[in-house]
Structures are given as structure tokens and as C-alpha cells.
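Quick one: the structure is below, and I'll ask about it shortly.
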Amino acid sequence: MSGNRAVAEAAKLAKVNVVSAYPITPQTSIVEYLSEFVANGELAAEFVQAESEFGAMSACIGASSVGARVFTATCSQGLALMHELNYVAAGLRLPIVMAVTNRQLSQPLGMWCDHSDAMGERDSGWIQIYVESCQEAFDTVIQAFKISEDREVLLPTMVCLDGFILSHTSEPVDVPDSQIIQDFLPPYKPDSEYHTLLDVQKPLAAGGGCPPAFTMEFDYKKYEAQENAKEVIRKVDTEFGDTFGRRYGLVEAYRCEDADVILAGMGTMIGTAKEVADKLRQEKGWPVGVLKLRSYRPFPKEDVARATAGSKALAVVSRAVSYGVGAPVYSDVAAAISNSGQKPVLLNFIAGMGGRDVTQKNIAQVFEQGLKAAQTGEVQSEIEWVGLNKNLVGASP
Amino acid sequence: MREIRFHGRGGQGAVVASEILADAAMRDGKYSQSFPTFGPERRGAPLMAFTRIDAKPVRVRSQIYEPDYVIVLDASLSQSQDVTNGLKPDGAVIMNTPLTPEKVKEAGKLPKGKIYCIDASSIAMKTIGSSIANTVVLGAFSAATREVELQSLFEAVKNRFSAAVAERNIQAMKEAYDAVKG
Amino acid sequence: MSKPYWTKENFPITPIIRNPAGSLAFKCGLWRTTTPIIDSQKCTKCGLCEVYCPDEAVHKSEKGVFEINYDYCKGCGICANECPPKAIRMVAEVEESCTSES
Amino acid sequence: MTVAGEESVLVAGHRACPGCGGILALKYALNALGRNMIVHVATSCMEVSIMGGGVFPRGEYALTVPSLHTAFETSGAVVSGMDAGLKALGKREGVNLVAIAGDGGTADIGLQTLSGAAERGHDFIYICYDNEAYMNTGNQRSGTTTLFAATTTSPVGAKKRGEQHLPLRLKKDMPAIMAAHGIPYVATGSVAYPGDLVRKVKKAAAIHGPRYIHIHAPCPTGWGFPESKTIEVARLAVQTGSWVLYEIEDGELNVTLKLPQRRPLKEYLSMQKRFRHLNETELSQIQQLVDRKWTELGLQ
């Protein structure tokens, strides 16, 4: 089944109470499947097609605030339109789960994959998990509800899957029995003594104003919850593995133990990178490995430092640009190891923007440059745009 | 790993064919992945779809540049497109056309690879009652390449369509299979 | 100085106030610069002062007379303006204590 | 002394300005509905007054019912979600869902979410209190600012005569927009006519589906009149025909206060500083628009 189908099946099996969304390519089939499930009685939920993504997130907040388990999906312009409300959802500590079929942000207008959209929300307080396969998309949606609804977390989660590359790719997905999923993920029980729940029996005011004397404390609580989320993600993942036999972790270190060069990245490029790493090890004997950053928020600093401890070069590939400075994933990885005592050479790559394919050749090029850097202890350029048509833009920036 | 590229027009079922092939490969006990050209779908416009089949899980997520096989659902596409672009030297083309491979080669549009021709549209029209030949061509693909079991294709088609529609498609696929096998 | 309302024990994870009608503790009457005084002789008990009071500060007592709760009266003067028999007069806070006539 | 009746929803100790028309609108509307209610309050003076930043430090919350604030333009969509959520959980029965917003939060920035909620047919009561400008941020024009009114962003100067929208019209006709959605109940109200307003709110409460009540609520600070005159100004708006009290039930228009004779518009406008620059031509232009509205409504 396709990534979008996997996401919709997972939301159905999570027995969500309310789905509110607005169609946008390449997310559309997720909400089409879910409205179909509601229409034919497979899913006992209310489906609200809002008048915009802004309205969709507002409706999700409304539904979650009265105690419903809520799911939505969007990407790109739609996610940007939700921006204001994403902070509200996180601030109200509502465990909404949203699938993001990562897509570029206009301009230029395009509907293809990169991570610019979700990067714009990385500091909103939402948990962000980037997945690599349709199976992982399914499993992560199920996990996301359990993570978000955990009392130590109570933050919304974005499950990020690469637009088209995963959303529209069909591959085998194991869909577990509904009863086993229900045992793993019981119905959402909001705690009115602890967090936002509007109940006529227990009147309270939520989301009102807050003066400077208290605001920073709420920001701290959110930060603390993100920190807690690391352990909760790990715990939920372990329990998931025990139940369903699949485990993903905060990061996945693939052949990193003895690797001099490690490529770090997120999303579907990781699968291709693993394949290329295997080939390079086999054919050329290069000591290369791949670090998949699965949880991007919270950013697993300790895991990143641990996985890269023995490396000589760390090549970070971002599918997004941080204009005026470089690339977001690079900045985060660099910050994560800054105080760890380890000093691999750091390489900064931008790839796959606006649907540019991340090919096996591109990945091999990244490893090759990493290997050079590992040998010389130097980087050739501060930042490298992989797959850029230099004929059109002149020399490498 | 085997990589297969489908050429068709919007509405001819190339994407569905790529998914059915992937499903059938799984039923053969293999791993597979299928995906369309990423973009807006417009009826009549040329498009591609892809299938990867492997004995181990498919991890590669990049596009397919050097396919092992090319399946052409609409022969008229070869007039405007280089349908064999990147085809491996020992690869093969399965084409929906009433012409013979010799005639197709004479036309000079298919410079490389082994060519299998199947008049899938006629078979589809006769057996299914429509000119959508996507499943029919898969029957020919099975016979030509042995990359997928015909029985698995039947199962995948049954899983995809209603019983009556599946039955007609299976008939057509069988016919195409026999035609290629000769 | 009263003790802090929020403590480590009751401070929530998101700005929630679990205190319906908690505003009754807020004596907004301190904002007042002019004070309404009801002349019970002139009052016809029509109740319009209570109806039109934006601050929920006018109520009928058990004895059936209208009284102003100066804890909440902000002194807008709507009651005096709307009173049909003109039984309410507004006096400046500095001139007269609000309790002197009540 | 009694400060909150058994069924009071809004209680004393709120932080609205002295003589506030908006809080009067809430007092009548909310108290008429009773306590089985969940409220969404859009960012506005009223949000600040009953649950804002000044309220938080000592928990001085001025309602007795659960309420939520999310943002400025979200009301329609948030109550849609609440409606869906409560339905899905089997808790919808017997609970009034109420959205409160000012004129800017309704007619301008919040129009899209309100329109969506109305068009989808969610079950909610929407209360718009209309003080004809963004008063929470200090009196900037909104879509419902009356023609020629001076605000801080429609000032009077050598080249401008206050709020000037072309073609000339009184203000954005929000109730008509809502009526055009074909919702079961639309009504106008005034804080000077609490009996009329309470009756309409109670009527709305007995109906299901989207219900919209638009309440004219003068603002002494923004409009420039003494705090004691709020009711007087509101009453004059109605008696001069500038604001008409009506309801539209299942498409049927019913004017609920028919005036034997309208008072001259000047009586209403001259009380307010925002209109003090008006010349005779402008005055008569507004008068003509009021007259046209009455003709449209089939009144005089």
C-alpha cells in the first residue's frame, strides 16, 4: 500500500474520534481514505473538511480540547497556513497527531518533496518524526498517539513522510490486527486535573492571556516536555517492538560502529544511503555508515554524539535550506556534538530541494567528499549543493 | 534487483499496472516497490510508473534511470518519447502494438533491447470490453521475462478489482501470456 | 501582601485557570473615580440600574431595596443616567467616601 | 450581598472598562443561556476582560463556565471542532457551544472560519459584539466601522474625512452575510434593549444548527462619549434607525422593534467624538443610507 494509505489505515486503527483537514497535494489521498472510512462506517469518527488548513488546525484544537483523539494531515502551503495555530496546539498541550507529506514551499511553486515546510514548524513545540518507509509511516502514526498522549509529554506530533517519494509509493505494509493495536493504544483519556479539557462539570479557562511574570515558565514546561519525549519515544518504541516486532529508535545508526565517514540525514534519502553504503563497503572497502535522524524534535543530541563518537568525518545532508547561514539539520547536528569532546570534520550538504531526486550517485559523492575530509582533516567547501546544475547558476556557491 | 518502467498516458492505468506487478511480486515471495511519476495527473498526458522487485527489502528511494524492462502501454508514445532511454543493454521492451517486433524495429524508434509485441488493446477490447490494456500487458510481461508468476498476477488482480472485473482481466492476461509464449 | 496564588504545586502545564468566578476576588471598584449613591426615597424599584450595570454591581437586597456593591462598581454612571426618577447621583470619590451614606 | 446568581455565567470582577457595551452584550447573552455551556472567546476586549493576562496571576476568571481562547480568527473553526469532538464522544446533548468575538474577529479576520462553520451546519451560537472598530488595540477601523467615523487608522485630515469606503454604504452588513448562508437563525440586538436581546438568545438556544446574533455595543472610549451614556447612545442608534433590531428565522425576516417615527440621525451622531467632524453633506449622505436600509427592510 502507499504511504498515504498506510497513514490513513493507522489513523483508522488508532480509532481517532475526529479528523479535520483540508486537501492539498500530495496529502489529499490521506483525507480521501479517511472520509471514505467514515462514510462506510469502518471508522466511527466525525470528519470535518474545513475551509482551509487554518480552519482544520483550529477545528483539531477545538475537538482535542473537549477530549477527542484527533488526527489531521497537510503539507507545504497548508502547513505554513497552520503556523499560528501549531503554536497554540502545542501551547495548550493537546496531543493532536498530524501527518506531513513533506513538500516544498512556494516560491517557486511546486508540489515536490523537500523538508522546508516542516522545518518552518520545528520550533513550534511539536514533536517531529521523519520516516523512511511506508511501514514506518504506519507504525509511527500509531506510536505518535501514545507518545503525544503520555502525561510526561502532552505535545502534538508531526509524522513527516516525504511527499510523493513515500506518500505515493506502494510497498508491502504489515497491518496488525485491530485488537492488538487497541491493546497497545487504549482510548485517549484526558486528565481534567492536569491539562486542557473543557467539561461543563469542571469549568475552567484555558488559553487565556498570561503576563511576562509567568510566560517563560510555560515555555520551560514545554521544553521540559520535549526533553521527556526522548525517553517516552524510546519507551513506546520498545513496547511497540515487543508487540509488533519492529523497532526504530530516536536515531538509527547503520554500520556506524567502525565507520570513518557517517552520512546523517532524514526521510527517504536514508534508504538510498544505506544501499549505497553497503555497495561502497563491498566494492571499495570504504568505511562508511549512515545515521538516520528519526526524531528531529526532540533532537536526540546524546544519541547523535554516541553514534558518531568514532567517526572522522560527519556529512550532514539537509533537504532544506537555512537562508543566510546554511542548512538546518547541519546546525542541529553540529550543536549536538559541540560539547561532546569529539571532533569529526563536519560537512554541510543540501540535497533534494523541490523534488530534485537524491540519487545513488549523489550519495556516493557525499561519501567520497566525506572520505577526503576524513583523510585530510579539511573540508573543501563550507557548503555543497548536491545535484545542483552549476551550468545554470555558475560556480558552486 | 529488477527495475521496470511503464510508459502510458493519463487514464491508461500505468500506475495501477505498476502496483499490480509489485503486489504480484510480493505474492511470489519477493519484495517490491512501485511509484508513479511525481506530478499532476492529466488525462491523455504521457506519464511513467515504476516497479522495483528484489529478493531482499527494497531500500532505494531514488528514481529509476537504468531499467531492466520497459513496458509501453501505448505504442504511439514511442513516436514522441525515447521510451528505451537508459534501458540496460540486456534489457527488454514489452510493447502494446498490433505490429510485429520486426516492423517496430523497422520504424527505427526502438534502437536497443529485445522487443516483445502484444496486441493488448485488441485483447482488452474483446475480453474486457474496454481498450484499457494495463493488466493485459502484464500477462505478456510474465511470459516474456519470467520475473513474475502468472498465477500471482491473477491473485493481485483479484485483490484489486471486483470478482467479475477480475475474471475478465484474468482471461485477457491468460490470452496475452499464451500469445507471447507462443 | 497576600500569599502567591500560583505555587509549584498548582502551577499548570498550560495557562489554565481552574477557578470559575475567581474574579469575585478582584475588587475592580478600586478603579472608581465617581460613586453612585441611591436615594431610597426617590427610588421606584424599577430595577433598571441592575439591568444596565455592566459590572454586576447592583442587586436587590432581601429587604427589596437596590444596593450597590462598591467592591465591583467602577463608577461608570450608567445607572444614574438611566434611572427614570433620577434617584441616583454621582459624587466624586475624593469628596465623599462611598460608605458615608449607605 | 449576592454577586453571582444561581445561573449567572458572567460574574463581577471582570476587567472591562467602565461603561463597556461589549460586556453588557455578554452579560445579557451568556446569562440567558445558563451554565451548560462551553465558550470559545476570540482575541478581543472581552477575552482580555474575562480571561486575559491581568486575570491569570490570581486566577480571577470572570465566567462560571468552561472557556477557551485560541486566537483571533479561529472562533468558527474551533467551535466546529468542539461540536465534532463532543458528537464523536457522545457528549453533545444539552451543551450549548458559544463563540464570542468582536466585530473585527467576526467580519474581518474571522469571517472565513465563521463562514465555513455556518456552511457546514455545525451546532453553535455565535455572538458578535460590535463596537465598530478594533478597540482592544486602541480604536482602529474594521469592516463594520460606520461611514465617516474617525478612528486611529481612518483619521480626519486635510485629505481624508474618516472612514471612507466606496461605494458609500453604512458598514459591512454582517447579519445579511450570515443570513445568506441559509442558517436557521440570525438576529441583531442592542445592549439598550436587553429584553429583546434575551428573548432572541433564548429562542436561538432552542434551535439546532448555526445561529448568529450580532449585538450593537457602543464603546465609550473609542467612540468618544461619557461612560454613563452607553445605553443612551445604543438606544439612539436604534431610535434613529441607524441600527435595526430584527431576526431572520428560517429565512423569514421579522423586525422586532418597529418605530412609529425615527428620530433625526444627528441626535445619535452628535453625541460621539468620532463623528464631530461631519458636515451637513456627510450627515445627509449617512441619512440617505439609513433611509435606504429601511426601504430595503420594507419599513417606512
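Per-chain numbering from 1; labels A, B, C and D assigned in written order.
As a convention for this text, a residue touches a chain if its C-beta (ideal position, glycine included) is under 8 Å from a C-beta of that chain, and two chains touch if they have at least 3 such contacts.
On a predicted model such as this, the values are computed, not experimentally measured, just so you know.
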item	value
Comparison of A-C and A-D by number of C-beta pairs in contact, larger one	A-D
Where subunit B and subunit D are represented by their mean Cα positions, the distance between them in whole Å	64
Whole-Å gap between the CA centroids of subunit A and subunit C	54
Separation of mean Cα positions, subunit D and subunit A [Å, integer]	43
Centre distance in Å when subunit B and subunit C are each reduced to the mean of their C-alpha atoms	82
Multi-chain contact residues (two or more partners), subunit C	6, 15, 17-20
Set of subunit D residues in contact with two or more other chains	50-51, 55-57, 61, 63-65
Subunit A: positions in contact with at least two other chains	92, 196, 202-210, 214
Arrangement of touching chains [line / ring / star / complete / other]	other
Touching pairs among all chains present in the structure	A-B, A-C, A-D, C-D
Interfacial residue positions of subunit D with respect to subunit C in the complex	1-4, 8, 10-21, 23-24, 27, 50-51, 55-65, 194, 220, 226-232
Subunit B residues touching subunit A - in the complex, by the definition given at the top	18-19, 22-23, 26, 31-36, 38-40, 58-63, 65
For the subunit C and subunit A complex, residues of the former touching the latter	6, 11-20
Parts of subunit A lying in touch with subunit D, wherever the complex brings them together	17-18, 20, 44-46, 48-52, 54-56, 58-68, 70, 84-85, 88, 92, 196, 198-200, 202-211, 213-214
Interfacial residue positions of subunit A with respect to subunit B in the complex	25-26, 111-113, 132, 162-166, 168-172, 268-269, 271-272, 274-275, 355, 357-360
